[in-house]
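Comments concern the structure below.
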Amino acid sequence: MFAEIKGLNEECGVFGIWGHPEAAQVAYYGLHSLQHRGQEGAGIVTTDGEKLSCVKGLGLASEVFANGKLNEITGKAAIGHVRYATAGGGGYENVQPLLFRSNNGGLALAHNGNLVNANQLKQQLESQGSIFQTTSDTEVLAHLIRRSGYQDLKDGIKNALTMLKGAYAFLIMTETEMLVALDPNGLRPLSIGLLGDAYVIASETCAFDVIGAKYERDVEPGELLIINDEGIRSERFTMNTNRAICSMEYIYFSRPDSNIDGVNVHSARKRLGKIMHEEAPIEADIVTGVPDSSISAAIGYAEASGIPYELGLIKNRYVGRTFIQPSQALREQGVKMKLSAVRGVVEGKRVVMVDDSIVRGTTSRRIVKMLRDAGATEVHVRISSPPMKNPCFYGIDISTHEELIASNHSIEEIREIIGADSLEFLSVEGLLKGVGLPHEGENRGQCLACFTGQYPTEIYADTVLPHEKA
Amino acid sequence: MFAEIKGLNEECGVFGIWGHPEAAQVAYYGLHSLQHRGQEGAGIVTTDGEKLSCVKGLGLASEVFANGKLNEITGKAAIGHVRYATAGGGGYENVQPLLFRSNNGGLALAHNGNLVNANQLKQQLESQGSIFQTTSDTEVLAHLIRRSGYQDLKDGIKNALTMLKGAYAFLIMTETEMLVALDPNGLRPLSIGLLGDAYVIASETCAFDVIGAKYERDVEPGELLIINDEGIRSERFTMNTNRAICSMEYIYFSRPDSNIDGVNVHSARKRLGKIMHEEAPIEADIVTGVPDSSISAAIGYAEASGIPYELGLIKNRYVGRTFIQPSQALREQGVKMKLSAVRGVVEGKRVVMVDDSIVRGTTSRRIVKMLRDAGATEVHVRISSPPMKNPCFYGIDISTHEELIASNHSIEEIREIIGADSLEFLSVEGLLKGVGLPHEGENRGQCLACFTGQYPTEIYADTVLPHEKA
Amino acid sequence: MFAEIKGLNEECGVFGIWGHPEAAQVAYYGLHSLQHRGQEGAGIVTTDGEKLSCVKGLGLASEVFANGKLNEITGKAAIGHVRYATAGGGGYENVQPLLFRSNNGGLALAHNGNLVNANQLKQQLESQGSIFQTTSDTEVLAHLIRRSGYQDLKDGIKNALTMLKGAYAFLIMTETEMLVALDPNGLRPLSIGLLGDAYVIASETCAFDVIGAKYERDVEPGELLIINDEGIRSERFTMNTNRAICSMEYIYFSRPDSNIDGVNVHSARKRLGKIMHEEAPIEADIVTGVPDSSISAAIGYAEASGIPYELGLIKNRYVGRTFIQPSQALREQGVKMKLSAVRGVVEGKRVVMVDDSIVRGTTSRRIVKMLRDAGATEVHVRISSPPMKNPCFYGIDISTHEELIASNHSIEEIREIIGADSLEFLSVEGLLKGVGLPHEGENRGQCLACFTGQYPTEIYADTVLPHEKA
Amino acid sequence: MFAEIKGLNEECGVFGIWGHPEAAQVAYYGLHSLQHRGQEGAGIVTTDGEKLSCVKGLGLASEVFANGKLNEITGKAAIGHVRYATAGGGGYENVQPLLFRSNNGGLALAHNGNLVNANQLKQQLESQGSIFQTTSDTEVLAHLIRRSGYQDLKDGIKNALTMLKGAYAFLIMTETEMLVALDPNGLRPLSIGLLGDAYVIASETCAFDVIGAKYERDVEPGELLIINDEGIRSERFTMNTNRAICSMEYIYFSRPDSNIDGVNVHSARKRLGKIMHEEAPIEADIVTGVPDSSISAAIGYAEASGIPYELGLIKNRYVGRTFIQPSQALREQGVKMKLSAVRGVVEGKRVVMVDDSIVRGTTSRRIVKMLRDAGATEVHVRISSPPMKNPCFYGIDISTHEELIASNHSIEEIREIIGADSLEFLSVEGLLKGVGLPHEGENRGQCLACFTGQYPTEIYADTVLPHEKA
């Protein structure tokens, strides 16, 4: 996946289903289709109406649930989670769903996003005697609910949610119901579907296609859904909402076959490529994209420009957990790992290399060099998003200002650093137009914080960046 | 990979290197880039000039050589092999290289291809008291060499090779030299490269790009290379040669970034798509390819037709060994596994679906149905190769006549079976023109046997099809 | 181990060390020697003075810490735990030491014993908003400490301990100190040793022999030890103590090479065998013991009686986790698993079979039958402990009244059920005399509750038996 | 097991069964009971009358056949093998049974022993063109059979066996029969039993007890048994026989519950201990044995002397493959691993330490030191076998002359080296009398070669010692 190449990560995908005899199995296929959102760990909690059962573990869903593990969790409903790969911390404790058992029943939580006031809340709760067993900000919600004092879980959750700031898409399950909540800015994607009579919730609509479910609608900012054997009920935990879906979901996180707010991701990417060509045309022999996430934009650029799209870069599909890193000596001799340039295609050609973003610039420099080593006479880099200048506090592992090359360098400087003949980024207007959604808005709108620095929520002094977590 | 989807398999990839201090490591990266040619098993044998060392096992190269196994095989030269996934037989014994030790030294063999007279030779050898420990036809060569009586290994090998019929690309290694042989028809690809001073041999040139080696030339039909510390020497074990490289290597086996006989595979596929459009144009809204092997042809078709290329089908990258198959009930409800159609792209559209071949027709039917279920109003199937009517005896796991749908049905019948609105295959002339090589020839030429039934070698009554092996 | 054969289990062993450069390694060998006390899971937490590090997992210590895991936990001090095998529940969460992190530091707990008021305390804590993540009663202590409100950890612990009822030997570690506590009845064994300058704590003294440490003394009931870089300090959290060490530790739990309260376990067992002979002599040809725990008593019986000790029963050492259970058909044909009778020794002989206890009687019946099938003409069973009539609430997995055969049957009835020619149990007086300790006492004394029904602590209505835990 | 402690190993155990519906399962339990004879690898080959099926692998039987592997090999008959742990060589290829497939059927071989002319035969066969794929001498027999030219397998085997020199107990199986052969000296144990109507063959009779089979008789030197659906037939491949069962089988290899030539191993060991006392009495406080193999002899010594038997040394049962070796520093601080002395028993005592043999002397020295460190005031070592002065060529991994301490030192010198207060070995006469069998003989007799240097077979210049194999 792209993330592995660029060091740009996103946290997690969630999936829930209520009212299906093979709930765990369906959740498994759903998580499988969301696997690109996280490969560190996976888990499913089910309910049979009387008790919660859980299987989780480190690794891919197909590994975690292998060896008949799925058969250990039967029931009519399930929530599941895939977790993204942290730099080395993490560990089993943080694999979700988190499951809390007590004398009056269990509570399972699956979360996609990042709370900007998690630290504050945690300190407060600890000073009142709470014990945290994970370093996940998700656990904060469980403690807030337990301490809310409300008789009714729904009210406890509503109350707790009003204390949270930041980005979150929560799935919560007890023995008898499933609750779904999306933050007031709707920063993370979350959709509702129907599989026969069963309600399905997923981070991306690609999960619906895979399990054969019908897409109904996206969950709305500030909405709390209560799903149980009686059906589905929509409530609000706040009316103070402003939709700002993360634009990076379109640019590269989401699977190209997903739709968010009615916009197909692949089509959006092709449009970004097309507008990129309008904004920054260049004379060249071939267009190529950095696999996998930039292929759509590259095809868009190619179609718009009339320059043929070619397979100038290829990714090795078999680079997994056990892949052995080459020694320094071999690296210097030119051993490639995940990505290599295709000499037969590139040699003697002027190449437009389309990529979706530049974070530190090191990967871009490496790819440009690869293309030149393979014989490209010119390499023109086109980035299908604006320069990324600001860290993200909402779940995407975008580093601090210091590490973001566009935060400290002009485009010309970056061009020189990565060794390209020319370099152009998409404009913010081009992004808005290509995706086809305005910048924030009551019902539809994008978060552009990493490009513009305008954060849709309050940011706290002790806010923890996703990549700083243990 | 394509093979997993279509049940069309090829046997194995080979890699060899002589004269590099980290020979095993380089071989590992080479095999890694050839992993698409076989995922069942992998092995490397090295020599340090005095003894042969071996690590092999079932699974992907990255699994087999994990946990420091690579460090167990040091030396200046190595041969390696990746083996394709059989239906269930196979097992550890057949993982290559095969290593035979005796009092006067060891002999390691790695083989890509299929011998058509293996059964005859095996019976003969057994009747003379030889014991076979594998069901691999590769072992036949070892026995023939040992029984040849020649003092000089090279002469023994030459003599033995003249008894073999069929397709083979052999790497043979002793403590002190590496020998390379290609069958008189050059049915399987095999190329020579240079990595600094080290000689490199690989089934596909993509391995050279990955390790940073320079491509030199393809091994010629009937050629025997002897490589040792003195250098490389080319001899002939027969002058009766006729080049007939397997055309399916271009159509779908090889990695798109490889070149065979100077022809880049991706470019050849784009040309096949382009010619397909010339031969069978159609009015439609989008062109889509069946991933991964048909993407290039689909882009070629799209560029030639002016119809936009879209991502109408998507493949899940995380389907590995441990993937859990859905229950029949879930399957009927529409749970997809490896491939799914993208509703957001396909809905309400007339789709040209480009695929590279049709074997039994079941996969095509399934994909056409997927597209329709996702809302395609018309599905026009374009196959970038001619109808496959004859089994392959040279290493590709193409079934018997009975199982090949094109062997028993007209194109119109096939169209009806797969449920397409229209169906067209590429012509044989189109294939020759698209690849850019003639049908057989002294130095350059393609084997078209599976399309035309003209086999470049004798076929025996007891010839074993690759998929019939234990 | 015995437990596997008889379904009689004990919970856990603990080990701690402060002031050693290879603390984790030493803890590993210590736990290894305590492995007979629990095979379900193992864990070690270390401190380097600034942070706590943890490795734990399911399985034997040698499995959990394999693959270089020990190197991940460096530091000058460590506490460790081995956990006993529950019927199937348990799971990773309950593996100890439990580690709780908070903003003002971490807290690791390792516990051997069973709290009789854990349920009460847990309900109370949950009603105040605490969230429990394990089903271990150990976690109760952590919550009590965090909620105690004391500035000083030591005071918080003292306060929390006064709320606990039951049996416990606790090791508690923060970044800067290790605390050790034993319940007011000293129901579980716990000893102090010295390894050079390092303080060592272990459930059994055999751990000292293995690591080369010098035994100092046993921890006293009601004692709280505080160990840090300044040294060791002994305090009391209660003066209301009454020593009642579990007599089953002598009878079968502890390793024969351990000493408890100055009494060597093997020697005590030999004395029990000797007294058994005095109380219930019999004319016979050989004496044999049920391995492993009854061998010492059998030798004692043999020496006292002059009847030769023979190896009439043998245990297969290689029965591990992956052992495959025989089918019912094979079982009926007589396939033995862990234990078999030695025909060459037993045939035609009158056998005294010495065992240490009878729980349900099923194992005894099976062994008597084995001996008869192997040709024993008479089988006289001698049990080196009194009839077990009452459940244990202090950590030993002795079932409810219904399941204890001696609770519902006379000795003559039991004899008939197990099919012995004669059956005798040791008297309570014989037990006291053989072990050499009185029944309870200020400093030295045994708990005889399972034999006499006199429990040294209050028992609550909702007290959970160890084997009822999840 | 003892072998792990002393570096004295034996090769392998074999098990066969014909005529049982769950042949593989029974073989598994049989191999399990023979596991002490080899822990490196295990395998089973079955026949259902038409084809041979095989499962084998590295590790313990319970590991190799875990995960349902046993269900892959169904049939009415089976042969199995457990292989002993070599120093590091070995590997999968050498795990037995070896299975050779050919066009006219399969041949499976399982072997216990060592051929003294394997090298000669192998060179001869290789010069005739045979290819060896293992370094096992077992493979020689397969080649000899295949090359024998006999129509009838039985005749081919008889012919082949006459060419073999050394020690061997062979199980051979085809689709339709099982053949059993023992070398003319009967150096290795092999017995016949009956399980209902099924014939059972095993290296030791303990396997019969475990599966509930009835012992019939021992296989005779020079005997060839042919077992098939018609029944069992006994033939001879030579009349020139002289029974010389390895006396080390009694002294320590075999399980104490096995009988060999009608002699129970435990009883023999007790007699050796008793005679040891007669030959070398000593005044002392306790007798202790080195676990596990010397316990019986120690009890014999104790009973004869009237000195109480005590548990002065204890072995940790949980030392398995994954056990982590202590660092040098910890070792010097006194960390014990497998064996430790029991201070509570030994302190202040004069100890008779009974062991079964001394090879290099290093282990003895270590144990004597342990006892002294634990407070023993005197340590008197009594060895229940004569000094071992000569290497074994028949399958026991007894080192060359140089490594055998008794080959180069007087008893007084050895005493000094191991640091004992006194040291005595059993006399050869004592050994003969204790076991109760003469030195060699037509039907009953022992091999004493390692004590006396009189080898019952010819020894060749190029004979390979078991521990020199790859």
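Note that the chains take the letters A, B, C and D in the order they are written out, and that residue 1 is the start of every chain.
Please note the rule applied: a contact is a pair of C-beta atoms (placed from the backbone, for glycine too) under 8 Å apart; a residue touches a chain by one contact, two chains touch by 3 or more.
Keep in mind that this is a model prediction, so the values were computed, not measured.
Look at the CA centroids: the one farthest from the centroid of chain A belongs to D. For the pair chain B and chain C, the distance between mean C-alpha positions equals 61 Å. One inter-chain figure worth recording: chain C and chain D are separated by 36 Å, centre to centre, where each centre is the mean of the chain's CA atoms.
Rounded to whole angstrom units, the spacing between the C-alpha centres of chain A and chain C is 49. Taken chain by chain, the contacts form a single closed ring in which each chain touches exactly two others.
The complete set of chain-chain contacts reads A-B, A-C, B-D, C-D.
Residue ranges of chain C in contact with chain A, taken from their complex: 92, 100-104, 122-123, 126, 128-133, 135, 142-143, 146-147. If you check the complex, the residues on chain B that touch chain A are 1, 22, 25-26, 28-29, 32-33, 35-36, 39, 60-63, 65-66, 70, 195-196, 205-206, 209-212, 215, 255-259, 264-267, 270, 292, 295-296, 299, 303, 308-311, 314, 316-320, 322-324, 326-327, 329-330, 333-337, 340-345, 374.
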